[in-house]
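Next come the structures, one after another.
Each of the two complexes below includes subunit A, the first together with subunit B, the second together with subunit C.
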Partner chain A sequence: MSRCYLAWAKDERIREKGADGGFVTATLVSALETGFIDIALVVAKKSVYEGIPVLTSNPEVVKECAGSLHGAPINLTKYVVEYAAEKRIGLPTKPCDARGIIEQAKRRQVNLDNIFMIGLNCGGTLHPLRMREMAADFYGLDPDSVVKEEIKEGKIFLVSKEAGGKEKETAIKIDELEQKGYGRRDACKSCVTKIPTSSDLACGNWGVPKGEEKKTFVEVLTAKGEAILKNAIDSGYVCIEEAPGEGIEMRRKIEAGMQKLAESWKERIDEVNALSRSGRFDFYVDALKNCIHCGACKEVCPVCACEKEAKCLDMNDERDSYAISMYNVLRIFHLMDSCIHCGQCEDVCPVDIPLTLIQRRFSERMQRHLGYTPGMSVDEKPPLYETELRWNAESMMK
Partner chain B sequence: MKVISSICPGCSIGCGLYLAESKDGEANKMRVLHRKNAAVNEGKLCKFGTQLHTYYEREALNDTVDGSEVEQKEAIKEAKGRLKGMKPDELAFVALPGTVTNEEIVSLVALASEFGCENISFGLERFFRGIPEEARYIIEKGLPFSEVEKASRIILLFVDPFVHYPLLARRVLKAKKKGAKVVEVSFAKNERGIADETVLVEPVGLERIKEKKDLFEDSLIIGELTPYTDLQFFELMLWLNASTSSRLFLLKPFLNSTGAFLPGGNSKRRKDLFEIIDGIERGEIKALYLLETDLAGAMLGDERVTKTVSKLDLLIEQNAFRTPLSSTADITISSEPFFMKRGTIVNIEGRVLEVGGQSEKGLQITESMGKGRTYEEVHEEVKRKLGLAEISEFELAVKRKERSFEMAEPKVEIEERKGGEGYFLWYKTNPFFWNNGIQSKNFVEISPAAMRKLGLFRGDEVVIVQGERKGRMGFKISELPDYLILSESKMSIKPFEGLIAKVEMRRRDCETTQEKINC
Partner chain C sequence: MAEEEWEPKILAFCCNWCSYAGADAAGMERRQVPPTIRVIRVMCSGRIDPAFVLMGLLEGADAVLVTGCHIGDCHYVNANNKTRNRYEFLKEFVDELGLEPDRLWLRWISASEGALFADMVREVTEKIKKIGPSPLRRDWKK
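Our next item is the complex of A and B:
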């Protein structure tokens, strides 16, 4: 186990606004103010159902963005690639953000030395519109009256503003909601990476002892993580104390429990398993034939580093009269070793193709076979990746 | 990186999205991001929406008078002066409402009335004529998508939702999952097999749909209405609706089609787009004001429109971007791109949506020539006309109430193919869709029989001929009747009957060696 701490923001306002003591925010603020990083990428709250990525060098903006938004299922990888490739950047990273960034680093799209990933443990995100429906149908609330949400102790808490300005808290067990088709996105329910061990730090509330609320459990994972933490402590922005042994154990147990639950969700969500061989084929054709070639899945994919010239686009000719296009087939194969199953593609698919499930069915088996889990270590090359060979060929030609 | 919340202006669905703007050296770089909390589309976008930034990257229009660049104030003053010099009947205003806000529409109507002019077109006026008062709501209002999802029987009437309105396709698929029966009435079977039942109609037998009236009982009929829709066919759709227990939902290509007619009003005396073009042709209309409308670009057979418009004494273009007519316009006045506008639109479902920008530039151009009102004053008028208290994307503010009406049985006449020769070209989309923004496909679909008959091989091209008009395209083989050609792309072929055009087709011969290589 690496070094684990309980940490919190010294500034009371940040501590109060932060999800669990504002450690993440305070660390980013201190890194900006001391020039440790040039820029921070955070998520601004528009409402409990909407978070917008914000790239800023203004510490005040970072402070405004403190808090966790479970109804903002965004992946931050492509923002780092597109807008901050040259800068020293700090950002909160859920496991899928961190895994995306690691995969982009392997593909030389970003320089990991310049990226400080303040990891967030993640039990999952909710689709904002399903969350609105959930608020109305299960909590009996006007969705627009919900001002706060929180996930703790296996429950989703919604705080609504009642007439007269009083706040009311209602909590329902996640299990209960999910049995009825609500709760977290399918990709999150079946995600087994709950602690972002490929980040520089891993932060969360798991492991924070009862009665110690407004503290963040922080695990230091890399030298960069240690450096940004030291910077925050030295500049007087955060306080830390040694994490208690029972906290560490509690966190480990919760993680293991969540992973077990995720494995069981994989089974439950996978409707293809129950089908016969020909039934499976029909399932894929039925789902994929609806593709309208909008290209959105490729655009948002945190792992894909191809630009306009890409195999999936180049080798697909819409004039071909196949029931399903080469675009989809190529994407499935191309991502087989590297898909992190974050579900971004499915979220944006205009014809609701169950892309996470389809990708998972192909890639998980392949990844298991190859003994490779994408996004976990920058030193592990994607098994189907050929760049190094090309580089060798290039250097031979010189 | 600045992220703004916006609405896609590609069609009447009005999907929500974000536009991220950043500096790339000196240049501004824009990217589309998915807004998953958008009530209309849940963050999903079609091809146009996904590439919306390229639509905004077109060349900006500048302010000119008689070809010389001037200050905007001067262009506006000159426009007002010259419009005043015309007789009311000689004036016409056209705003195809793809990127026009409710506020701009209300302002344009007020401006026209300042000049005593009734000739305003939002593209669909002629359909209001000669139909019962009780049927007008079908043109004016669409339907919430939740109603599509709830339907137990859906008829896709010459609409392929995967091509026309992809964000509707998922709603039809959802209805199907819940047990709805989907029937397509079409010239050709949908290649994705969305329908449980296909009723194939021959173009010359369009009239015979009437005999299949029972098919439409207890259904939600989904059709489309565009400026090119054939009037007889439109009446047929209304008749099918009037004479069965069905609901008729007409999709429209322009983002603000609903907003145009509700706050914009629709007096029966107003001229239609084609009547305005005919009026120009006959020399009766001498001055034309185009508001955010790429008239030549959007219509099939641009050259004819360009030629007709050249007969005008005065052409004023108010637009964010240059159009093919900009260089011949007497006065051009630059407005802001749609995403920058402060204002509202009404989508096909009846949601009043804020565009998301802060600029009042476009609105203030027409207001400074007309009533001189503030944004707030015009916006209040819009709210009054729509009966709105608050604006929320989650409210279906413009509701439609089904009404029954009577329609005389219409006649639909389609010219026979001479001796069974030739082909019918069916435009599967229309040139107004996506604001003529992207050319979606560079090929047409033809039957295997047509391919054999023309001796075509992979990589060949076909030439489609309609009198003097010609179009050159690649081809794809689809399961189609032998005589049918499907196109999702704009060509200069005009659909005579609103839906289809009679054409000839041949293999494109390559004369020179270079051409052969290019073939």
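Our next item is the complex of A and C:
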């Protein structure tokens, strides 16, 4: 099915405002105007440090939300489940959004036939608070004066408004920032799903030839993706051309490079790896003892579909005073096959438990063992629900 | 004060139709079974929610045994296949948490295998005596 195009919005304003060719926005606008979808979910910019999800049927609102926000590490999955499970909806999906939605579909919370996932390639997001610190400490800027941010050519660009109303652009290499503990979130640094292959379309700037800026590279992944693209072209909102071979090759190469980098980050940020068995035990007990059982990590988790009647809540009684609470033990256990490593849990944790690392350590080894990657195909049931073992032949041999 | 010899506490889940009857058989045949074991009877090993095992460990059991009918003999079609699947998850969990792998066991024991039951308890007790008390153990008397 896979076909690659360069695409852009016909409407010059959309194209101008869009992160690349404004293709994503134009496609959603056309789908709304032609009644192809009932509703769209987009992200509105409050500031460079804050993006809020907006559910709307108004094409004008969608146009307002064009552009990429790297300081808004939200996951859109739960908004779809909560507010639009019955609607025909279109939305931009980073790889972790798409994977979350697929996991919810496996748990019968949403019907994928009604969801049009316009995937966005994703190199990663920044945590808003760390981004403010970064602006002050490394860029020497007043964080509130920053009006625009962009990530390109391996650098993070911050544009600030100076006293006289002039705009100033400062860029620092991502590598340099990340060596010092800033830059992208840990979950993003170590994420290997850079192209949302479980969406209907995958859009990004990788593969757009130099000099052809203001175009979006689009890969069509499913029949649904083809349908919404056709709708956008037929209604006159979008222009496309065949993607050049070297563009496709370039995109593949960049993806492979990013994946390699992610693998190396995994090692670098894993402080538990060097510990002995009992050291590991002490680390987990120590890290999780701070938990105040607010339930926020469960609330935002794009995989969890248990709502209020959840075993991790039911079986938890703080009066037990276990070394690690049932809540944490069960959340980790239940996610071993299904965690997509999006890091939402850590973002909302009020006591800063390193949940990204903990969840990844438990789930990654299990998933490797199972030969299973969650969030990729709705036809693959979570292995914990299965009757029979699902073993990865390779890991059996070891 | 003279040090009392430390006795492991081992929690065993037994299914009503096979392994519990196996434990019974061990008694009927007057076999010596170490007194380290506490048995919880369930109707089928498929009833053993991994949460029960995890809670047993958190309560301080030095080892938890999951037992049931042999594969193919489960009295509820194939529920012990599910047990086997869940056990693999528990095994990974226990290992990653930093507990010794020997703190978790899976054994299939039929109603007539009293000897096997007694041997298992002996084997587990010996292993646990070697590795010592669980770091999760909570002894209130000091």
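One rule holds in what follows: the second predicted complex is superposed on the first by the 384 of 398 C-alpha atoms of A that agree within 3 Å, B and C clash if a C-alpha of one lies under 4 Å from a C-alpha of the other, contacts with A are read in each partner's own complex, and residues count from 1 in each chain.
Definition applied: a contact is a pair of C-beta atoms (placed from the backbone, for glycine too) under 8 Å apart; a residue touches a chain by one contact, two chains touch by 3 or more.
Everything numeric in this text was worked out from a predicted model, so none of it was measured.
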Is the arrangement of subunit B and subunit C around the shared subunit A a clash or a fit after superposition? fit
Classify the contacts of A:157 with the two partner chains as first (subunit B alone), second (subunit C alone), both, or neither. neither
State whether A:143 touches subunit B only (first), subunit C only (second), both chains, or neither. first
Now for A:372: first (subunit B), second (subunit C), both, or neither, which partner does it touch? neither
With both complexes overlaid on chain A, does A:332 touch subunit B (first), subunit C (second), both or neither? second
Under the stated touch criterion, which partner chain does A:50 make contact with: subunit B (first), subunit C (second), both, or neither? first
Give one of first, second, both or neither to describe whether A:277 is in contact with subunit B, with subunit C, with both, or with none. second
For A:311, select first, second, both or neither according to whether it touches subunit B, subunit C, the two together, or no partner. second
Compute the least Cα distance separating subunit B from subunit C in the superposition and give it as a whole number of Å. 7
So subunit A touches subunit B in one structure and subunit C in the other; where do those two contact lists coincide? 320
For the complex, give me every residue of subunit A touching subunit C. 277-284, 311, 315, 320, 322-324, 326, 329-330, 332-333, 336-337, 361-362, 365-366, 369, 383-384, 386-390
Tell me, which parts of subunit C touch subunit A in their complex? 49-51, 54-55, 58-59, 78, 81-82, 84-86, 88-90, 92-93, 96-100, 135-136
Could you pull out which subunit A residues touch subunit B in their complex? 46-47, 49-50, 52-55, 71-74, 79, 82-83, 127-129, 132, 143-144, 289-290, 292-296, 299-300, 318-321, 347-352
Given the complex, residues on subunit B that touch subunit A span 1, 3, 5, 18, 22, 31, 33-37, 39, 41-47, 49-51, 162, 166-167, 169-170, 173-174, 192-194, 392, 394, 441, 443, 474-478
